[in-house]
Each structure stands twice: as C-alpha cells, then as structure tokens.
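Below: a set of structures, written as structure tokens.
Next come two complexes, and both contain chain A; in the first it sits with chain B, in the second with chain C.
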Partner chain A sequence: MPGFLKEFFNRNGIGMGAAILGFVLFWTIGLIILPQLSMLDFSFRPNLPPPEIGGPKDVYTLENYKYLVFGPEGGSQDYNTVDLRVFFRTLVAAVCVTIFNLIICYPIAYYLGQTEGSHIRIFAIMLIIPYWINEILRAFALRIIFGETGVLNTLFVGLGIWDVPFDFIRNDIALYAGLGYAYILLMIFPMYNVIESLDRNQIEAARDLGAPWWRIHWRVVIPYAKPGISSGCTMVFMLSAGALAAPQILGGPSSLWFTQLIYQQFNDNNDWPQGAAYAIVLLVTCILFVLAVMRLFKVNMGDIGK
Partner chain B sequence: MSAGVGVDLENLWIRFGDFVAVRDANVNINGGEFFSFLGPSGCGKTTILRAVSGFLDPSEGNVLIGGKNMKGIGPNKRPTALIFQNLALFPLMKIWENITFSMEIKGASAAQRRKRADELLDMIALPGQGDKLPSELSGGQRQRVAIARALCAEPDVLLLDEPLSALDLKLRQHMRTELREIQQRVGITFIYITHDQGEALTMSDSIAVMRAGVIDQIADGKTIYNDPNTAFAASFVGENNVFRGKVKKVMDNEVLISTNRSGDLVARVSTANQGKMSEGDAAMMFIRPEAFTIAPTGAAGDHFVTARVNHEEFEGNAFNIFTEGEGGKEIKVSIPNHGQSFEDHTGQNITLEYETRNAVAVPAGELAAE
Partner chain C sequence: MNTSFLRISIWVYLAIFFAYLLGPLVIMSVTAFNSSGFPRMSPWECLTFQWFGELFQDQRILNGIKNSLIIGAGTVALSVAMGLAGALMLTQIWPKLRATYYTIIIAPILIPGVVLGISTLVFWDRINRMLGLGADSFLSNGIFLTVIGQSTFIASYCMLVLVARLQRYDMALTEAALDLGATHAQAFRKIMLPFMRPAIASAAVLAFLASFENYNTTTFTFGEYPTLTIELAQKVRYGITPAISALAFIIVALTVFFALLNEAKLKRQELVAAARKEATVEELAGKIKLPSFFAGNMAAVLLVVFAVATITVVGTATAYNPAQCIADVREQKQLEAEQRIQELRKQREERRKQQEAQEAEQGEAQSAPKPSNNSGFGNVFAPNSLGGDGDDGASDTESEPSNNSGFGGVFDPNSLQSDQ
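On to the complex of A and B.
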C-alpha cells in the first residue's frame, strides 16, 4: 500500500476510510469517467438505427470527426465552412469574454482583497446574491435591458442620442454581456483569494521605493495574483466556450455558438455519435488551448488549484 | 556629521478616531544622525515612522524633511526609504531585482542594475547571491537585502521599523554593529525604531523615549541612562530599582526622600526636574543594580539601605543579590565579578551603600510594565 493511503486509513480508520474512498471512486469513475468514456466511444461509431447497433455496420470510424472538417461526403464544398466557422468563432469569442471579464474583475478583486472594513462583506454578498437567480432568468433579464424596445434603447432613443434603436442582440453585445456577467464570480473569487493574502507592506514597499500605481500592479500584485488569475481565466474560458443558455437566449439569430451545434446534433438530428464527436473536439481543443496559454505565461498546474 | 538631511516633527498629532496614537511630538533630528525611537510595543513608534515616510497624514502638525514641509507629498516622492518590520521583500523577484527595484522604476537598464546590485551585494557581504529568491536566504541575509534595497534608492533618510526583531539574539547583536557601520559609511540620516533598549543604546546618537503616544525624553543614550526625565524613562531603559516616597527636604539639586520602606534617602534631582520638586511631592527615586556596594553592617545614614537577602545568583560577570523591596518587588544589586571571594548572604540582613549622584529622583509617575 502506498504511504499516503496508509496514512489516510490511519487517520480515518478502516471502515470510514473505505467508505470515503468508495464514495470518491464511485464519484470519479461512475459519474465522471465512465459516462465520458461512453461519449468517447459514441463519437467513433456511425449513427445507426437501434436494430443495427451491434450489427456488422457498427464499427469504429473517424466519420464523425471528418464531418466537422470536410462536411457531408459528396457535399458541394471541400470544407465544412459553416461548422468550422462557428467553432473558431466560439473559441475567439470565449477568449474575448475571458479577457473582458479579467479587465473588469481584476480591479474589483483587488479592491475587495486589499481593503479592510465590514463594507467588504456587504460587497461580497451583493456580488453573490444575483447568482441565486437562475441562469435563464438572468439571461432574459438582460434581454429586457438590451432588447429593441429595451431599457437602453428606450433611454437613448428617448434622449435623442440615437435615431433608431441599436440592435444589441444582432451585434452580439448582449451575448458578450450575458456571458461576462454569468461568470463574473468565478473570475473574482480566485483572484480575491490570492490578493487577500498579499502582504500590504509589499505594496507599500514598492510605493516607498518610488513606484507609480501601475507599476506596483505590474510588478508586485499581478505576479503574485497569477495563480488566481489563471484559475479564474481558465474557468471563465471553459465555461464560456461550453455555455448554452446565454447563446440561446442572447445570441442573434445568425450567431450560433458551437454548443448550439452540439445540442442540435444530439437533440434535433438525434445523431448522438456526431454530437459526441463535436463535444469532444470542443473539449480537447479547449484543454489544449488552456495548457498552451498556461505554458506561455509559465503557470503551473498546481497553481490552478489555489 | 551635519552634512545630511535632517527631519523635524513639529507639534505632531496623530489620531485614529478618538484614539490618540501620537500626542504633540516635537523632535529635531539632525542630518547624518542615527536617531532611535525607543518605547514599548503599541506606543506609536510605527505610526510616527509612517507619518515620516508619507503613508499616514498627521492629524495636526508638520513633518519636515531637509527643512521642507512634506504635506501633500506621497511616499513615492519623499527622499525616504522604509525598511519594514517584516522586511516586505518581493518574494517572486530575484535578490538583484529586489535590490534594484527603485532603479527599475527610474528606467535603468538591466546591465546598470546588475552592476549596482553586485556592488551592494558586496557591501552587505552576500556576493554572488543575486540570482536567488528571498525564500532561499536566511533571516539575517534577507535582513541585509532589505537594507540594500532601501539604500539602492539613495534616500536622504533611512527609516527602520524594528528591523532586527525577527532575528535570533546572536545575529541581532551582530547586526547592530553592522547597521551602525553601514550608517557611518553612507552618512545618511537613520531613524530607527525599537522596543529593545540595548539596540537603541548601542547604535544611536540620540534616542527619543516614548510612552503611549508621548515622547518623554530626547537625549543621547548616556544621558537617558544616567539622567532620566521621568519615572517611565528611568524604569524602561536598563534595569532600575525604584523607591517610592515623598520629598522631605529640597537641598539645591538634591532631595531627601522619605521612602515608604527604606527610611530617608538622598538623591540627585534629574536635570529636567531641577527646581520643580518641592516638599511634600510624591516622588520616585531610582538606583541601578550596579550602583550599590555592600557596606559594613551597622552603617547608617541617608545613602544606606538595609534589607534582607532573598536569594543570590552568579551570572558570570556579576553576582546578583535580590533583597526584599517594596510591594513584593525585590531590590536587585549587581556586584561585578573580578575574582574576589564572595560570601552567601541569603537570609541575612545586609547594608547597601550608594553615591548620591547615582540615585536619581523624579516626580512620581507611571512605570514601564515589566
């Protein structure tokens, strides 16, 4: 038995230890790994009607993956430009949402983390409470703000600043706002956690040595907060790229999110293998992208857990 | 010595809400001086230092550096550098980057900074350690890096907030000498904060003794030790035996004090209190352990104290005798050891003698907590 297991059992006792271990294994294997493996398996099989499953046609194939790149066999185009465009647009948009979110949340996290006083607690509660409202309601509430006859348009047209209502939805502004808003906490809290532990004296030392505020952030606060920043950015990026409700509700009619394509495959086309293949491409691409960015900024995997 | 930039505090008050952390401080620190604020923890030392460095605005009064009023000038624009109580080195920067952070701000090239860092590392006896991280150095080494980082900014005034308190005793004593040497080499004004009277006495040109926001006395170490202004200064700096009583008779600069337990004793009135003590006033009288000698039994008079010995100890350089004193407190007597034979007096009455100049009388006042 490896040392850490022995210590684990010593600490918890055999009975309790076995129960905890069993639960954790059930959780990770039964609820996470096995379903995902079956998705992976799906993605390499053809979409067959139930009677043919297990029959001679049920063989492993790369068809579903090829479809994303090249489109239907014998189709009019060499590449599946529609789906590929949606795919890359989703990734780029998720990156934009992440950066946008980071820019907004860093000052908030810094303020929360470095200010003392009971009002900080109230701010934190004010940030958390809106998350009790479910995602769909929040998204529709944003439609009220950004819609053609929504609050903003009524205000600006009424004030005579715009002649005609601005289409926030078709221009994806509502979508970005919705996605940004949806994950604001996931960005703020990891950063807040790290920044809160930064010794104030370091900020003062930098200031005492003559540093202007931006350099204090650049050289002292941001390097220190890097684990929190990467943790927040990773979560916001992953969740934005994988979001479904916000794009459905706030996206313009033409702006498909890649998750919507996946949803269509599963639901409308009833093509689970195709849907699984798309989902896995999205997942793997996101992971590789995050790993590449982490490498670029010299972030360790362990930092993400902070 | 007076070439450097001086610091003046004029009628300085600092309040936090209703709490007065610094009460009407008036201090003139000469350029090039090693000046210490000495006082127990919580008496407002750090607060004063923060007002000098610019992190805190005085509630009233002025801070002048080089004769120039610092009102409205931020910490990054003052000619001061602060060494924090916990050093506050940047943990993610290499030592050389830490040291030359102030040059980086001014836009110096990496090569220039490297060169300066190497010079400073030589000065603090850490050559070749520039590429390490602060966490890879020992406490004493980090201490010296913090000094180098502050000196690299070429301040006119270096402010040090209990910089040695985290070090072990041996290192602390070694760093005292080193700090004093560095100060004399660079010739700038040092303002040093400590609750350790040994540090203040050994390093400083001048010392301000502080008590709960008030400065009791400003003088050189010898004066503070030999001629304290207040009961607090007398009891906080060095070991002292206190005798409480009332002034019975005033004779020029001496007083006869009728003590609570030891009869009438004569003492010199401390310089600042001369002419201010009159008959009937509550007074305190202080005699240092080393100022006593053992007199032949039976000797009596106004500079003899007779007391019963509780216990004795041998400290190497001295024999310590503890006799019964006032209110459960003992009188400590310290007889230097120069190889003489020494008999055990435990349980006996002995008579102690002192010279009048070694007994200091001040008006009764608050004593330093043990």
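On to the complex of A and C.
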C-alpha cells in the first residue's frame, strides 16, 4: 500500500476511510470521468441496432463528425450548412447573452457590494427568489409577456406605438431575453463576492486623487473584480450555450439552438452516436473558447469557482 | 447636484432591473386568476379560481410531482454523501494531486446539462449491456438514471457548500475524541456531524431545489418516470393554459414564504445574540429576557401579513363563485361573435352582388350561355371559380366553406346526386 494511502486510512480509520474513498471514487470515476469517456467512444461508432453492437460492423469511424461538417453523404451541398449555421449562431448568441448580462449585472453587483444597510438583504432575497422558481416556469412567464397577445404587445398596440403586434418570438427577442433572465444570478454572485471584499478606501483614494467615476471603475474596481467577472462570464456562457429549455419554449419555429439538434438526434432520429458526437463538439468548443478568452484577458484557471 | 442625480439614476436603474427580474413572475401569477382560457393579463375577464381546481385534477402533473419527490430524495441522499466525502477528501488530499482533483470535481458545474444527461445514458446503457441485462433492468430504470445523472453535478454544489464550513472545523476536536477512546465512526458521528449539520442542511435544500427544477439532464434520462419539470415542459411546448400559471403561483408563493421564514429566523438569531452580548451575567443566570419574535424583525412581520393574505385568498376561493361573471363574459363574447358574423355576411353579400353584376356584364358582352350547375364537374369550369376570391360562385350557401377549393363542387357528393 502506498504511503499516502496508508496515512489516509490511519487518519480516518478503515471503515470511514473506505467509505470516503468509495464515495469519492464512485463520483469522480464512475459518474464524471467514465461516462464522458464512454460518450467520446460512442461518438466514434456507427449507429447500429442493438443486436449488431459489438459485432463486425462495430468499428471506429469518423462518420458522425463528418456529418456535422459535410452533411449526408451524396447530399446536394458541399457543407452541412444548416447544422453548422445553427452551431455558430448558438456560440455567437451565447457570447452576446454573456456580454448583455455582464453589462446589466455589473452596476447591480457593484451597488450591492459597496453599499451598506439593511435594504441590501432585501435586495439579495429578491435576487434569489426568481432563481428558485422552475426554469420552465420562468420561460413560460416570458412567453406570456412576449406572446402575440401578450402584455407587451397589448401595451404597445394600446398606446398606439405599433399598429400590428410585433412578433417577439419569431424575431428571437424573447429567446435572448429569456436566456439573459435565466442566468442573471450566476453573473451577479461571483462579482458581488469579489467586489464586496474591495476596500472602500481604495475607491476614495482614487476619487481624492481626482479620478472621474469611469476611471475609478476602469482602473480600480474592474481589475480587482476580474476573477469574479471571469467566473460569472464562464458560467453564463457555458450554461447559455448548453441551454435547452429556453430555446424550446421561447425560440421561434425556425430558430434552432445547437442543443435542440442534439435533442432531436437522440429523441426523434434515435441516432445516439450522432447525438453524442454533437455533444462532444459542443463541449470541446465551449471549453476551448473559454480557455482562449481567459488567456486573452490573462485570467488564471485557479480563480474560477472561488 | 451631481450626487443627487447619481443617486436618482441608481434607484431608477435598480427599479428597472428588479422589474425585469420580478415582473414576469408577478404577471404570470396574476394570469392564474383570469378566467380567460389563454394565460393573459388583458383583457381581464373574471376573477376565478377554477385553474387551481383544474391543476389538482391533472393526473400527469400529480404523477410528475410524485416522481420529482422520489428522485429529489434519492438525489439529496446521494449528492450530500458524495459532496461530504469529496469535501473531506479535498482537505486531506496529497497537495500535488489537489489541483487536478479540484478541477475534476468542479467540472460538472460547467459541463452543459445536456452533455451530462447524454453521457449518463450512454454509459449506463453500456454497463447494462456488458452485464447482459435486459432493457427493463434496474440500471436502465428512469429513476435510477435520473438520480445518477443529477447527482453528478449537484454533488459539486454540495461539496462547495460543505467545504466552506469544513475549513472552519478544528481537526484537533476529532483527535481529542480519538485519544479519549472513541472509534473513528463515533468521532465522525458525534463530533464532526453535529458541527457540519447547518451546512449539511443547506446543502440538502440546495440539492433538492436543483434536482426539482432540473430539465436539461433529466430530459435524457427520465425514461418512464417523467418529473414535474418534464411534464411542465411538454405542456408548455404544446399549448399553454392558465393551469400552469396556477402551479407557478403556488411555487412562487411557497418560495416567498420560505424565504421570509428563513430570513425571520436568521434575524431573530441575530437579535438574540445581540441581546445576549449586552446582558449582564446576572440577567443571563436569572430570567433571560430575549426579544420577542416580532420585535424589530421586519421579515417576521411580513411573514404574518403573508400568511393572513393566503388565508384570506383561500377563504374567498371557497366562498366566491364567478359563474355569473363568466356567463356575462361569454354572452358578451357571443354577441361580439355574432356581430362579426353578420358583418362578414354583409360583406359577402355585397361581394356577391358585385360579382353577379360583373357576370351579367360579361354574359352580355360574350353572349355566352350561363353555365348550368347540372354537369358532373360541378362548377369547375365556371369562369369565376378559378379567378374569383374563392368563396364566390360555387358556393351559394354560406354554410358550406368546403367549396372554397378550386375544384368547385366536384368532390361534393351532393353535386353527383343532383345529376341524376
């Protein structure tokens, strides 16, 4: 038995140590690592009926990945433009949602973090309550508002600003509002945690030295809050790129989110390997993108999740 | 002047922000009380509670709640246990492995839920096949798969909550217990667990809420046990009714209630602690006069107001009968509809007259015989049936919109009969 394992059992006792180790191994290996590897492996296999799995036809192939780029074999187009367009649009939209959330949440996080008083607790409760409501119901609420006979259209048509109801759902405005709405809290809390620990004296010193308010933010607050901003942005980006409920409920009939394609492959086409390949592509692209942006803004991986 | 302007703009911004955050929930809750068959605020028809009744008669929703509770219980048990084990491991793991280990156990939070669901499904399907079990075995059971899939990332949340408290734990306490002859299990149960209890409770609540509202992972793993969220999603996707608003209202009300309850309790603990600090030893030994639950406790007062409001609403709901109002609205709607039908009729009549006038002109100009209706082709060859508006010529009777097609009356069985 290696030394550190022996020490571990000495410290925790055989029974307790085995229990802890068992749970940790089951979680890390059985639930996190092996399923991901299994999915990776699965994505390189052809879609076979159950009796043929493990048979001679069950060989590794790049078919599923080729399908995403080039489309069905012998298809009329050189590239699978439909799926690729959905893929890139999902990424771009996720970036836009992240930036939108960052802009609207930064002032709130700054205000909550730097103001003292009992009303801050009330604000915190008001922030958390929507987050406890079911994701589906939140999307449903926005659909009531943005629907053709919804509150906004009734209001604007009633005021005479528009003659005909504006179709928010078909124009994807409802979708972006819903995605932004769903992840506001995940943007605010990391930023709030960091900004709260910023010494007020630093801001006052900057003000005494004659800095205008925007320069105080640019040179003092934002550099200090960078870890919080980056973990908030990472979470919002990953979650909105992987969102499924909001696009299904708020997306227009023509607008597909990449996760919806994965869902279709699994549930409608019954092509699991294809769906797994799409999921891998989504996961890997998102991780690479986040790492690239973090390098661009010089943030360390260790700062995330603090 | 500058500061007051800044202050006003901050408050305006806060107001807009919270309107964006809370407005949808308020509007959704209000639509639960409108008798309109489609969830909407305006036009307001009647105050009604019928959607709540409808909600509680919906078998699928009730079944979904049952499944959600079972899966929630399983997920709480598994993810709190794994989270605690993971947190304990994090405090004593070999330093060189620490960063890697931390990355692995924190990763499920960032992995999209869709990916977690798929990987769980694929992996356990493969295990199932390796063991040679059938499609109805325990490993491909929807409840098992959903608990496993959800626990993968919910355990990470639990771990974060637990590790924050564990860092304040003094390991010397456990060592003291061991020195005094306790076994490891006893030391864990009697010393560490009581210390961790508040964190375990909040981790459990967090885990249950996360499990209850999870959609992305569950949608791939639920099998034959759809949870409440899955049922809701299917309902919302294929037609929305105010019964969903009613459910949302109940959930919002419960959430607000528990948030206020929690806040009131916290506030009271603070007040008690403050009172203890100021009290003299004598006071503490004798009659401790602790502040009452409501003194200086805004949240508690709100809680009572909230409870009273709930009781009033439920009371009204049992006594109130909106049948009259609904009948009125229906009557009004009927009147409106009739009016509209009459208008339409009038328009049609006018159009027909115009048409006839035109036809007459054409007939005179071309001096062609008016086509009779007796041919087997119906009116297909009537000059107007192709170029016309659709509902002219061929259909003399208003009640037969099936004649709108370009085929005239060919497919109408009556046109054949009239031939004989």
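The criterion applied here is as follows: the second predicted complex is superposed on the first by the 287 of 306 C-alpha atoms of A that agree within 3 Å, B and C clash if a C-alpha of one lies under 4 Å from a C-alpha of the other, contacts with A are read in each partner's own complex, and residues count from 1 in each chain.
In the analysis below, a contact is a pair of C-beta atoms (placed from the backbone, for glycine too) under 8 Å apart; a residue touches a chain by one contact, two chains touch by 3 or more.
All figures in this text were calculated on a predicted structure; none of them were measured in a lab.
After alignment on the shared chain A, the placement of chain B and chain C results in a side-by-side fit free of clashes. With both structures placed on the common chain, the touch criterion links A:129 to chain C but leaves chain B unconnected.
Contact with chain B, but none with chain C, is seen for A:206 once the two complexes are overlaid on the shared chain. Residue by residue along chain A, chain B and chain C are tallied for touches, and C comes out ahead. In the superposed pair of complexes, A:219 makes contact with chain B only, with no contact to chain C. With both structures placed on the common chain, the touch criterion links A:97 to neither chain B nor chain C.
After overlaying the two complexes on the shared chain, residue contacts for A:187 are found with neither chain B nor chain C. Once you line the two complexes up on chain A, you'll see the smallest CA to CA distance from chain B to chain C is 8 Å. Judged by the document's definition of touching, no chain A residue lies at the interface with chain B and also at the interface with chain C.
Residues 53, 55, 74-77, 80-82, 84-86, 88-93, 101-102, 104-106, 149-150, 153 of chain B are the ones touching chain A in the complex. Residues of chain A touching chain B in their complex: 199, 201-202, 204-212, 215, 219-220, 223-224. Of all residues in chain C, only 10, 13-14, 17-18, 20-25, 27-28, 31, 38-42, 81-82, 84-86, 88-89, 92, 94, 99, 101, 103-116, 118-124, 126, 129, 148, 151-152, 155, 160, 183-185, 188, 209, 212-213, 215-216, 219-220, 228-229, 232-233, 236-237, 240, 244-245, 247-248, 251-252, 255-256, 259, 263, 298 touch chain A in the complex they form. In the complex of the two chains, the chain A residues touching chain C come out as 4, 8, 11-17, 19-24, 26-28, 31-36, 38-39, 42, 50, 53, 104, 107-108, 111, 118, 121, 123, 125-130, 132-145, 147, 149-151, 154, 181, 184, 234-235, 238-239, 241-245, 248-249, 259, 262-263, 266, 272, 275-276, 279, 282-283, 286, 301-302, 304-305.
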